[in-house]
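Multiple structures follow.
Presented sequentially are two complexes of subunit A, the first with subunit B as partner and the second with subunit C.
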Partner chain A sequence: MKRPAGRDDPKRELWLAWYAILVFYNLYTVVFFILTRTQPPGKPWYGAGDASGWFAHHHDGLLVGFALIFVLGGLSATSIALITYSIRRMSVSRAFAYSYLILYSVSAVPGFLFICVAMTAGAMRPDRDPALQQWLYDLGFLSFSGTMGVFLVGSLIWMAAILLDKNRVFPKWFGYLNLCNALTEVVVAPSWMFDRGVFAWNGLIAWWINVVVFGLYTGVFINLLRNVIIREDFGTGPLPGLPKRARGHAPAEVVS
Partner chain B sequence: MTTTQPVTATAKEPRRVPGQPDMWVFVLFESLVFTSYFGVYLYYRAQREEAFLQAQSHLDLWLGVLGTIVLLTSSWSVARCVQTARAGQYRAATRDAFLTAGFGVAFLALKIVEWTGHVQAGHTFTSDDFFQHYFFLTAIHCVHLLIGFVVLGVLVHQLASPDRRSQETVETCATYWHTVDFFWVLIFALLYVVR
Partner chain C sequence: MRRTSGELIILCALPAAAILWIAAFFLFPGFLPPMSPGSAPSEVAAFYGDHTARIRYSMILFNWFCVALIPVLMLIVERMRGMAHRTPIMRYCMIGCAGAAPIAFLTATIFWLLAAFRPDRAPELTQLYNDLGWITFTCGVPFLVAQSLFLAVSIFLDQQEKPVFGRWVAYFNVLVAVALVPAGFAGLAHSGVLAWDGLLSFWVKNIAIALWIIVMSVVLGRALPRDRAVAEAAA
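Showing the complex of A and B:
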């Protein structure tokens, strides 16, 4: 393996970023599904009194969970950074990597941070008018579920880069899986129009099917990023294949 | 110049799927996703059968049949494209690809006419449960069709230059187009035919 001069392990930063992704997605699952109970989402048809009651019922979990996100949510940047790095390693224009980086950084604001801010505000101001609390409730869930479309173009850019790449950084099937993910993100858009049924923000089609696809997609890309780091030779040509002893085991050095 | 190799019974080509095997991951995954959409539709249809049947009666079966014929004809033309490209007749293959796109445009036009008619009659995406599913399934299918035009564009681009031509890419693009047709046949059966 080629090692830049004066460096002990040139992959150390990459592994640091990859483990940060693992920490982030585990934190994300614990915070959204267990602590704050914002996933699966609350009932979209709640009126002012119900929304106010929901904030009171979830008060402690919302504060603890989103406090963790405000402190550690920045770890999500490592995911975007490592994917951007992987696109830079491809044989395609750098414009793909920079477009992905900017799109996902911007998308994280409505698609991830808005809900944290809105729900924390609702939980920390129980004395406010219930109508305002309902507004925060709607804002939180609609921004989280209804803005998945802003991630769509990012997924398509990643897909195009993978399909055009000649360095075999990712398998082509993952490029097509990006398209599958992008298509399910379109499906969430109707949640703005409905407060009940399959297309509401907690609906079978708009949320449940979508979250299963997103969960599979996320698991796959985290594993493929791990393989990219194992295969990385810091060259500019095609990435070597996975070494045999790394298949299904702990990360191992690639011998080139 | 090519030399003729004797073909023996033991020298068979290994069996393979048409096009990139990777595209078949998309086909299988999208089939699962569409199956789940169909499952949700059938579940709600079973819950409110009367209301669904009543709303379904507003669909024009023959317009659906016409759209299906147009789309199946596009499948025939893209299959011809694969055959002619395989035979090295790239001009004919390009013509078949354009023909396929033409049928795709005709299908899209039929859908727009159909949607417009329903909206004018007061049957919109938000009007009732059946039309929610109708507009959703036909629209998500049309999104796949629009992507299909991009795929056909890639196909024509590949065929245009001897340096870029790849039979595998031609077959991959055709596989995508057939998949879009396959989804339509299922949507047509569920929305228009099953009463």
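Showing the complex of A and C:
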């Protein structure tokens, strides 16, 4: 395996981003599954009293876990950036890359900041009126599961780019795995309507199958991104200097 | 023929935006001194009842102009093109954060405005909006932290004879990122330095953001003319 991010490694930026992705997804897993225990999610059918009790029971984990996301959540940009870069290496229009970049960047606030804010607000005041605690509980879980469109369209954009690409940056089968990820965003829609059963936010389809698909998809694309970096051929020499730097253009960049 | 890139206009608009930010900061009665998370619902409701107009005007100002930071962030992204990087990946990281950070603040202004919209609402509901506003405002630092770190890494990687930004700018950005970290933990305390009205979560965090804007605008101002000189020399 190529050693990452040495001082003169021409791929150091790529390896730094790739390792940041590893850190981010591991942090994400630890925070959501272990610290806050918000995955698997709480029961959607909880009444106000149960939701209030849930906050009291998860108090410390919620506050510490989501504080970690408040501090380190921005690392998610590395994953978006590396994937955007991978699309720029494809034979398709830059529009695909920029669409992916913007779609996933705007997903950050509804997709993970809302659950952090709502759960922190709930945990900060366990003695709040239970009806309001239930309101925060719903806001947390539904904003997290129910921010769908950006990931749906984002995955389709990435899929289309991979299937059209002549440079074979990603294998075609991964294009179709993007479709599977996009479908998880389709089948999660009923969680806005049902508070129990397979389609509820903790149900067999809307949670268990989705989390398996998403976990598999994420593991696969992290590995494929690693392959993309290994295959990049920048040569091994030092960076050429930038003596004739004209405004708005850096000649040393392979993709600018 | 002399062309105007417009970058200088963006930079020169920043002091005007900064004046509006400072004005809004002093206009909002909840910042000086910062509201305590330990206040009872009745106190919070009374605050919104007593200061309704000032809360509305200050938050409308913030809602209008907090996103005015985005063009300045894009100026930084444009300077990053001149860095000795092989890929645009650090710029993509910056762009990814640039949208989210001001939007997090914009979301906070919406919660505060909602609380002030019906000050006669049940006090517990006003407190809920107030909590959501303060938590979003105080803890919503992930993109600012990441942005500073990405910028620092970009500067460290810019190994050329005349780097775009001096190395001290990288260390400064690391320092700012560190100063923002405690604010993420504000949910853990109702009083003391970590609480959202505390020394670390309010004063250190907001002074760090203000300093960052001042220092980066000065550094940007120094980077712009150099580029113009390079372009003119090439022409």
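Brief remarks on what is shown
Everything below uses one rule, namely that the second predicted complex is superposed on the first by the 224 of 256 C-alpha atoms of A that agree within 3 Å, B and C clash if a C-alpha of one lies under 4 Å from a C-alpha of the other, contacts with A are read in each partner's own complex, and residues count from 1 in each chain.
Throughout what follows, contacts are C-beta pairs under 8 Å (C-beta built on N, C-alpha and C of every residue); 3 or more make two chains touch, one makes a residue touch a chain.
Predicted model only: the values in this text are computed from it and were never measured.
With both complexes superposed, C is the one of subunit B and subunit C in contact with more subunit A residues. Once the two complexes are laid over each other on the shared chain, residue contacts for A:D129 go to subunit C alone; subunit B is not touched. Judged by the touch definition given at the top, the superposed model places A:I209 against subunit B, while subunit C stays out of reach. By the touch criterion defined above, A:L177 lies against subunit B but remains apart from subunit C after alignment on the C-alpha atoms of chain A.
When the shared chain is aligned, subunit C comes close enough to touch A:A17, but subunit B does not. In the overlay built on the shared chain, the residue A:R196 is in contact with neither subunit B nor subunit C. By the touch criterion defined above, A:R94 lies against neither subunit B nor subunit C after alignment on the C-alpha atoms of chain A. Once the two complexes are laid over each other on the shared chain, residue contacts for A:H57 go to neither subunit B nor subunit C.
Of the two partner chains, subunit C is the only one touched by A:A77; subunit B is not. Residue overlap on subunit A between its contacts with subunit B in one complex and with subunit C in the other: absent. The residues of subunit B lying in touch with subunit A in their complex are 20-23, 25-26, 29-30, 33, 36-37, 40, 44, 125-126, 129, 132-133, 136, 140, 143-144, 147. The touching residues of subunit A, counted against subunit C in their complex, run 10-14, 16-17, 63-64, 66-78, 80-82, 84-85, 88, 101-102, 104-106, 108-109, 113, 116-118, 120-121, 123-125, 128-129, 132, 135-136, 234, 239, 241-242, 244-250, 252-256. Touching subunit B in their complex are the following residues of subunit A: 171-173, 175-177, 179-180, 183-184, 186-187, 190, 193-194, 197-199, 204-205, 209, 213.
Across the complex, subunit C meets subunit A through its residues 5, 37, 78, 81-90, 92-93, 95-97, 99-100, 103-104, 107, 124-125, 127-128, 131-132, 135-136, 139-147, 149-150, 153, 157, 159-161, 180-181, 183-185, 187-188, 190, 227-228, 230-231, 234.
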